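The structures considered in this document are given below.
Both complexes shown next keep chain A, but they swap its partner, so chain B is in the first and chain C is in the second.
Presenting the complex of A and B:
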């Protein structure tokens, strides 16, 4: 999996909070356009890993690279040119008088020209279908939309790497689908997408590779579908398969699909082949 | 000390502060400041003593700019007593324990909550401020540089903090109401701190000491 042209690379990274180890000897690489789920129990080290990517933390040992940049010695505001991030409680960062102004905050902080800022903001708002709310005050929007607003702010940086911490928490099904579409579009444009989540149904729909942390160690790094259809592998890691993947595994569907739509199509095909439809 | 009744801790802070201003300077202030700093050091040199000294330092600087040296020492020692003892009690007394003590003593739950909320707000605001700083830096905001740049950065850091806190006040008020938190309601203290006879006597003793010091000071002046 270690692509030569990796956009994001962890090389034997370890990190501790004081004497408490949070990450131990973690290595992986994500190529441009790859979509990875970062999974694991609470306290497994997911948020720490994301903070290492953004430069808010620096590894005690090993190396984190974003493209040809070593994050060590780079401040988060410098890495923002390549890394877009949305953390939990992201709605607390909003402050401008309109959604448009808030989304423009990042590109303006990077010193981009006004026309370029406007282009990026329009693109980010459109990607998340927020253009109709552009003139509204962020705090007049429902909490779920404020979360999307924070995500639009990260999109507007047009980063090479997007790291998101629980981006679907509190979102209903249509909004989750909106986020899924937007992330897929970004990945298709070559952006690395790394999502820490407990929402395995969302992960199954959008993400293709699974990185599972267990007590700070990388316990799994392989295609997500293979993980989601294997209860024997999921259970020891404190994870449960989403409904579609569980059904796919229980019925031993050909190709073991995990996306709901793929499971439904496969079921229909199998049923049709047996002459029941 | 942390196992002492909350009222005893507060009484000690109040007595130290009162004595710092009642007793003649600089000896009185020196004694109370030494006592307050000793309490802070015993509670944790890095966790309590250093923050107390760091908080007091700017006051000494401003006093030195405004007054002569004897006045600076006199007022500075008194302020140091206040600051060190307040930092000490803030570090030692969990707000929840104070609320339990106040409710057990018959205080209205609203007053107890307001008191405790003010005490517990500081660490919560600090954590939230740090989250906002992190998020804005990840959006490209540099908190370093010249004065103008820092002021512009301050807006992006302070505004979200204020806005999100105001927003949360609404939500918290609703959550409290839905859980039966109304003025005048009686709350059952589940784990009221033990208030022994010795501690009650100690609080009276502190009160008497302050009264005696005040009387002595008036008489001595006369």
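Presenting the complex of A and C:
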């Protein structure tokens, strides 16, 4: 699923929009197959960080690298061989006459042979259960489906690194589950997955590591579960525990599960032990 | 007397054969918060466009049935909509957030002091006072969403229509928006909100409208969000869903607080 695997590395990266600083001295590395959540308040620098990965922006200081490639001096279209991205308003970024053509745009631009393009497009559409809509015009579909199509377009690049900005905003639960499944498959195949999101319930389901930005600085870099079970850690960072975690804390469930399914199982077990089913 | 009444409204987008809204009826009273819940394609966004008089007037298409709004045309005492695409709603005429939020009220011809007061209150309600001097073009997605909401409420509309207003907001921002919704209703404003933030609704909405495939399927109080049918449709609150999955008895609690109370009994 990834043509090559590569590490994503930020080394002491800073960036400003004119005089407004957006990122300060950010360092971290994500290994192939790692699944990380990029969290923080509105305006903390999440989208800026993702744009630095895609080469749409370049650091004012420090270095961003994807495997042995320094993003500096590489245009986004060159980086697209290794980085697939979906932006916040992805439903607006489709332009072809059919979903299939839209998803095929990236692999075609990479200069791949027609058979390879077709293989990748079929795989990407299938991964998000969009095959039945392949021939439809993107703007005949609801925005949520266009968002999935933009994600399929990123999958079709078979990148080493996937960066996604709020991939679940505007999606209902069945569509969120599709995205969760597809991202887990990609990570299992060695793709670095980095997701900026406010949807901590989704993050808890799919992602393992938590990177939290606070006013442009990396304030937290550790396993997500350790963060999501601690209101003391979340609150100063402008975050709130997902409802599953809040419920298991309120009911004092053993092991403090965070994922909704785990909360339900623990709840059932404890209730049975208390003899109240 | 209802402020907004939809009576058996169907709507077709241009060049489509299937209606996006089918025979929908709904009445919203002054001071009432009505939440539209449904899966993708259910018709909630379309209902808001119809209620805002943007469909078919602006987007084209065909409508059947009647839409009755008791208020003025636009702005003050009228209706305002916040689209799920806030960046498309900037005026493009302002170089600061303050001027952007003032754009609507200024166009209503209000005196300067009244505009300033309304803008201050709106910035404060959305927690974006610190952004007042920023160029809207430099804002993040979530900051922009707050600015657009502020611009609408600054005009003091009688009916506020919100489409996924918290989709891009952090918990603080989402909390402020839901508090603002309650405050607007407290002042007699009617609010209709389409949202997938189901967990916020028990404390925000007076009534829940469950939409499916373009039609209004059920209307009820927030307890609807804990019913089996909603759980099956993926439209229950997380707590209700967890309770049901754990096979603990119905009626399921809606919120963490209700669950806690039930657990102690």
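To be clear about the criterion, the second predicted complex is superposed on the first by the 264 of 277 C-alpha atoms of A that agree within 3 Å, B and C clash if a C-alpha of one lies under 4 Å from a C-alpha of the other, contacts with A are read in each partner's own complex, and residues count from 1 in each chain.
In the analysis below, a residue touches a chain if its C-beta (ideal position, glycine included) is under 8 Å from a C-beta of that chain, and two chains touch if they have at least 3 such contacts.
Here the structure is a predicted model, which means the values were calculated and not measured.
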Chain C versus chain B on the shared chain A, clash or fit after superposition: clash
Between chain B and chain C, more extensive residue contact with chain A: C
Touched partner set for A:197, first chain B, second chain C, both or neither: neither
Which of chain B and chain C A:110 touches, first, second, both or neither: first
Chain B versus chain C as contact partner of A:71, first or second or both or neither: neither
Chain B versus chain C as contact partner of A:89, first or second or both or neither: both
Contacts of A:243 with chain B and chain C, given as first, second, both or neither: second
Touching partner for A:139 - first (chain B), second (chain C), both, neither: first
Offending stretch of chain B which, after superposing on A, collides with chain C (from 21-29, 75-83, 147-155 or 183-191): 183-191
Footprint overlap on chain A, where chain B in one structure and chain C in the other make contact: 89, 92
Parts of chain B lying in touch with chain A, wherever the complex brings them together: 128, 131-132, 134-142, 155-156, 159-160, 163-164, 167
Chain C residues within the chain A interface of the complex: 16, 38-41, 84-85, 87, 134, 138-143, 146, 164, 167-174, 196, 199, 234-235, 237-239, 241-243, 245-248, 256-257, 259-260, 263
Chain A residues touching chain C - in the complex, by the definition given at the top: 17-18, 20, 40-43, 46-47, 88-89, 92, 140, 142-145, 165-166, 169-175, 198, 201, 238-240, 242-244, 246-247, 250-251, 260-261, 263-265, 267-268, 271, 276-277
Chain B contact footprint on chain A (complex, rising order): 51, 54, 56, 75-77, 79-81, 83-85, 87, 89-95, 105-107, 109-110, 139, 150, 153-154, 157
